[in-house]
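Chain lettering (A, B, C and D) follows the sequence in which the chains are written, and residue indices restart at 1 in each chain.
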């Protein structure tokens, strides 16, 4: 079989689109943010990607139907600003080769539809619960830094120490070296112990400003508070916490 | 070498065949059920599949002859209903890439002989010994659910939680997305601690009805009771159990 | 680079040659036996095989020269009987894919020079020190069994239980299914705890008879006794044993 | 994507160049030495190599810019002696296949620019802190030994016991067998517990003589003493040591 298979669900005409990528990862921060964008902006699915670099697995919907593990790209057309694409997925590639192949494939497809800018979202693990999570940034070109700082993104020296591992970093690295596409990585602080909407909200606040989005964050703020209450209670009881539910299922 | 090598042992003319797949897995439930079908229905071998995605291993028969690890497809022709194919094997692929490649290859071959429906069999691990195992279902298309429910298959919300991993799920996921073949996964409950014919019997009861098979389950019921007695005794003696013998060898 | 690279050191004209294969493995039994054949029969090197399926490593000779890890085939021409080939090597492939690719490649090359029979040598781990090791057999065709039994090879029911893993088994499995070459696996019992010439001697006694070889086993018997004395002493002192030296280096 | 991608930053005309290779490894000895050469000789970058055999990772510079993990080759032209190339990198390949592919690829490129001699640098782990580290050697051709001995390189019998694992060995092994390029491996003794400039200095003393380089080692000697003081103090306090900082980051 082909190592990566693309299913073009729709073929919209796009106007200088910008991509936001949020795959599962630390604290699931990136995915929660990206998923919220897709839901609240009522984005439509454009592509499904299947690959032998994903786990050999199907997920089961509530009605008993199976769904092969995939990555998907959604789109939203705007009248007065660049169109928006969002990359969502059930899983990152589980192999190093796959990380490169999938990222390179997606970038090739994005280049075809003239994507000029990429925002990848991720979590930055602090190892402890953070009251007021920061949003850390990393860029493909240093002159992108000043305007991000104005939007509240921080660039602390030496953080994250080991660089960025996985698709959030690799999409930017390959975009810079091989596709001449600019990009920014936005990392929301999180304990990393559970699916954490708090860092996701902070990232969305930044994105909302940068991309001038009409986005109501109330729902996610409510969910975040619920989780905070549960984890707070559990912390007091000194027990490990494992949430469940459809939206938070990756780490539940 | 070719990554997958097919040896066509026989080339029967098949009439709208249905496939039942039972490879080694949790409690070996799927394989026990499929193997029982092949033996009791005196099915003939059609294909042998060898592959570098299988363990680099030969098995040794009682007469000292070696046999390269393989997957095989058996067939049975019927006068008055769709012909039956059964997929059996010594092993699933041991790599993620191999899981995709093998499943995709088998589906390509099945499409060539116009298979229209696939039933994959597996175990559903409960982590404890089950008195009366349920048969859980998952489908490629939701309108397959009602008739399965009538045959006693259950679709409990949120089970199995993590989806279906391995060939039982992947064959269906690829069948749905890339081959337009319908499919059902039947999962028999099992503790998962030993090769477990009890769940296999329950699956066969369902299959017997769906496929209108003339199948005597007595032999498997006797074997199941023997195992129950042994494991019951061992549980009392509080010792780990490890059965042996040709039929149950995978987990023995 | 090519995944497997053959360097033809010499191109002898061979007469219906027979191959004996002894790569590193359990108790290093097969390799010790094969290496002794090459040395005592003063065999010449015919092929060197390099591959990315071998460890990324060079070995260092006493004079400081490096040698890339390899498998090699040696030959000896006889006037009155089939010529002899011996497969020796620094390592088996370390990956499953590599095990298949290397074995298949070697068989393709052997078929080219009309090899009609393969003997693979290996160890059979007993987990305890054996006074008088047996030689167990496995064959590609059951009518090879009787004459092997006459030469002292045993075929105990259910042994080895899990089949044969690695090149000793795979060479025969692929030879049988894809090359129509007959083969025998000879397994010398060994504790498996150290490089063990004792089982190798027993295998060579069998091979000497089957292949009608003029082979003096004295040297290996002396080495075996030395090791027995050391390991015996160590057993008494109740300490783990780790031999060293050029010949026994794989497990030392 | 291509498995290995070369970016030719500059295309200098080179005169019978010699390569020095120092990738991350034991005690980071090879990399520290090679990096010091590049800095002190003000070498210019010639090639960037990206590959799916490297970790799927970007590193972050102090200004917030990301850099895709890579290997690079730098050059320095001399009037009166062979030009110098240095191979530096963020990482070795993390897979066995990748080790072979990357080394083979680099050798192919080096052959194209007529490299006639390769020096690979590495650490030789002693497992304890060494007062006066030796420089051990290994060669592709034994007549390279005498002149190396004169420069202080030692070739102790049986050391390093297991040969040389990774790119320092493989570059030489492949150079010898497939490219007819001569080579030497220089291994500086190190405890292997931290990034260790002490062994690197000893290697550079040897290289300086062999390649007749105008190289001031003072800076590295100062850094080495600083580290010695810190590790000495820590040893006294009986605590594990983990240095940090840009230059020593690999093992920090």
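By definition in this document, a contact is a pair of C-beta atoms (placed from the backbone, for glycine too) under 8 Å apart; a residue touches a chain by one contact, two chains touch by 3 or more.
Keep in mind that what you see is a predicted model, and the values were worked out from it rather than measured.
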| request: With over half of the numbers shared counting as same, classify the chain B/chain C interface as same or different. | output: different
| task | Going by C-alpha centroids, which chain is farthest from chain D? Tell me that one. | result | B
| field | Where chain A and chain C are represented by their mean Cα positions, the distance between them in whole Å | value | 53
| said: Rounded to a whole Å, what is the gap between the Cα centroids of chain A and chain D? | reply: 38
| note | Listing every touching pair of chains gives A-B, A-D, B-C, C-D
| Can you list the chain B residues touching chain C in their complex? | 1, 5, 7, 48, 50-53, 55-60, 62-69, 94-95
| said: Taking the touch rule as given, give the residues of chain C at its contact with chain B in the complex, in rising order. | reply: 96-97, 99-101, 103-105, 137-142, 145, 155, 157-158, 160, 162-167, 169-170, 172-174, 176-178, 185
